[in-house]
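Heads up: the structure comes next, in structure tokens.
Each chain carries a letter (A, B and C) given by its place in the written order, and its residues are counted from 1.
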């Protein structure tokens, strides 16, 4: 048996040498699809393995995945390429670019239309509601292909909790509990930084609004129209911002910078509590001193006097957009659709989730993770998925569709930074965010009317 | 002034000028004209819809309190970089001008940072002042200084100024040294015989004689701080915290590139072009001398 | 009489040594940083002396550029791109400037001064102020992600043209006369007389422009977006901002050191030309 297999392999290798030109031609005859992504290492490598898996699973199509820098750079590259007439077939776009892409009517091919045109079935009902809602029109038509999705959760350092005399097996569930824990941590000097956060806007504004069932913006957070206006100066938002300012003044919270920059202090073991992307899990397990045993997980905290049972959180991450370009053939679209179908299979989806820490995007994939015992063996890994499905989604928790959202995130962070420095009050920060953010929204509306 | 003896050739001079003029037209004048045109337009990111909006982009710009703020930031940044890179350079040049041993070695050791790109200089200083990684950043925290350039306006500004000035000291040093070396020894010795104290001698004789160099360096450093320090800000603070380190150039980049706002960004380009033309006019006497001597 | 000095010599040495130390300190830290592993640095536990890893880090940076978190192009690729861009800019600028200065000085033709001023005015239009429209033009010409797109928009040079013009004006008329009597045409005169005479100027400009080209930042940031086309200066800051991840400091520092080597070497080994070039171009 072994010898026969070796023999076959040997023959194949020998034939390969002779037939190399033929193989190359066959390669060229495959329908080529360009796929630009924005995932650095190690995630990018895992993504490329998924792509390689697709390429190996059939002989008609070939997807070529290239890393184009972080999400914003990938977005710029795709826009520039579109304007120059050579857009990639597929581009991975972060969730906050959704509104921009949807408004680009003739630059993109909606996934539901791709499915109809090519006859490759892509059923929206197969995906987690929290995931598909973010990338669908308000009547439920899928615009882009859900892909790497995460949400924000809480991490805590068990060693620091132990030192502070807190229960290391229980994550603080509410902001009141977080605050109390940080006071203990500071008083006992259990960690240099009691609390820090990654992704300030995603955690403290976007997901905060969703789980508390308050609007981030009118028009169902922009899903129902481009004329939405920000609402993040509600009393609850002001109160929460005030809490962050107070905690920072009392030395309970340290602002670590925009986007993911704040995560570093948890990885080094300096911070005792962290709220950030569920995608941070792998790094936390690998880097926190004391290793995996030292990292605890919890749901995103909420204000228990504002809402009895918090709603589902919303996703972040990215989806895959199909771009149009002159001279694109039916076969190429077909290849794209087949690729989408491939990555939506439960076993591919659940493996992707296991390898990367992203949530599974299909219901079947999630079920597989539960049934295989993966969740049970890896404590905390079920939290993001369960949190995304918690309660019944309202128009405040379905997702966001605000134009120029990346720019709005910058505005929110800027105003928050000014409040944390004591240059303005929490209320001023929230009001000023709304004023400036609305200007950004109006600019988007004007440019896309 | 022009040559008396020249070649008589009808076509050749045009051919010789063609490459330079072509590049100038295609990559300088055409985009400049485009900037003016785009500044009256509003367009979506993909260029699918374009509208003519008259001066709306300019109106929005001057209504934007953050734009006016970035004018202030640019001024503070540029003036600080100029001062911080010129004063130490003068001090070092005066020292290196002395007839001491190893003067040449000192010179070499001081001028090489000029070769370091501003963005690279920024990374080097970041590695030193990073609050959780940098050697001095951690030291400051241990000494009880709440050092956090990601959050503190002043500290962020300080860091970008420091990183931007560092390499420019070398440049100023060279010019000051050349200026000092061109002052005749006899002038200084005459003053010494008159009994002027060394410090007095510096301020009454040497410094005035250096003033053309100083003025020239002042202009060059301001221009450097304005246009060539984008890399420092992009690598270190990305214009933050808030918009504390967003200079005018950085803002053009953010709006034009990251936010895909073609019209508003072009309006800023037009404003900057007017500014640069005005700046050049101020410099004009100086340049005129250079051109027509 | 012995000159009385404002400061005694030892204080001059002291100040100079302090200056040199301040200049060298960041580089020393970069060298140290490139010899420790990323986690030690990340935890803020890097000592002030070099660690055990030096060579490995440099090999990793040179051949793969892939860290545990960051994902960059190999340094050898980025260095090559930087070299091509810097040389393209340097040679391009010198070439088109010298011939246009030659045309302006040694010929008389209609619109001579018009062209001269046209070149001169480019001083007022630095690429930084017209980012988006220039990018649009380059994009329309299909030059995104190409060496041509990196270099050509930067090779117009008023400064170099002015420099050559000034120098040409000092070439004695007798030389031109003599060459005309010998029956040499303008191209011959350029090749046999003007070019050899300009050697020093060309060398000086070469040093300055090479450093200018190597250190470009904003323009390469705009026109390159595939990893294979990045220049090394861009590559470093991309390593720094790898999404969702803490930086691979050892790799970044090794890359930084490598990125500084060529321009610093040029300054140190061609110091004479460098000083001359700097003073000449900015005078």
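Criterion: a contact is a pair of C-beta atoms (placed from the backbone, for glycine too) under 8 Å apart; a residue touches a chain by one contact, two chains touch by 3 or more.
This structure is a prediction, so every number in the text was calculated from the model and none was measured.
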| message | Return the chains shared as contacts by subunit A and subunit C, ordered by label. | response | B
| query | Is the number of contacting C-beta pairs greater for B-C or for A-B? | reply | B-C
| request: With chain centres taken as the means of their Cα atoms, state the distance from subunit A to subunit B in Å. | output: 39
| request: Report, in whole Å, the distance between the mean C-alpha point of subunit B and the mean C-alpha point of subunit C. | output: 16
| field | Shared-contact residues (touching 2 or more other chains) in subunit A | value | 76, 83, 264, 268
| Residue numbers in subunit B touching 2 or more other chains? | 132, 257
| request: Scan subunit C for residues touching two or more other chains and write them down. | output: 42, 44, 135-136
| query | In the complex formed with subunit B, which residues of subunit C make contact? | reply | 1, 3-7, 9, 12-13, 15-16, 19-20, 23-27, 29-30, 33, 41-42, 44, 46, 48, 95-97, 99-100, 102-109, 112, 115, 118-120, 122-126, 128-138, 141, 152-153, 155-156, 161-162, 166, 169, 173, 176-177, 180, 185-187, 189, 211, 214-215, 217-218, 221-222, 233-234, 236-237, 240, 249, 252-253, 256, 259-260, 263-264, 266-268, 271, 274-275, 278-279, 282-283
| In the complex with subunit C, residue positions of subunit B that touch it | 1-10, 12-14, 16-17, 19-21, 23-24, 26-32, 34-35, 38, 88, 91-92, 94-96, 98, 100, 102, 106, 108-128, 132-133, 135, 138, 166, 169-171, 174-175, 178, 188-189, 192-193, 197-199, 201-202, 216, 220, 227, 230-231, 234-235, 249, 252-253, 256-257, 262, 265-266, 269, 272-273, 276-277, 280, 290-291, 293
| For subunit C, which residues count as touching subunit A in their complex? | 39, 42-44, 66-71, 135-136, 139-140, 142, 144, 225-227, 238, 241-246
| query | What part of subunit A is in contact with subunit B in the complex they form? | reply | 72, 76, 79, 82-83, 100, 103-107, 254-258, 261, 264-265, 268, 270, 404, 406-407, 413-415, 417-418, 420-421, 423, 436, 439, 443, 446-449
| request: Going by the contact rule at the top, pick out the subunit A residues touching subunit C in the complex. | output: 38-44, 66-71, 73, 76-77, 80-81, 83-84, 259-260, 263-264, 267-269, 277, 279-280, 283, 287, 289
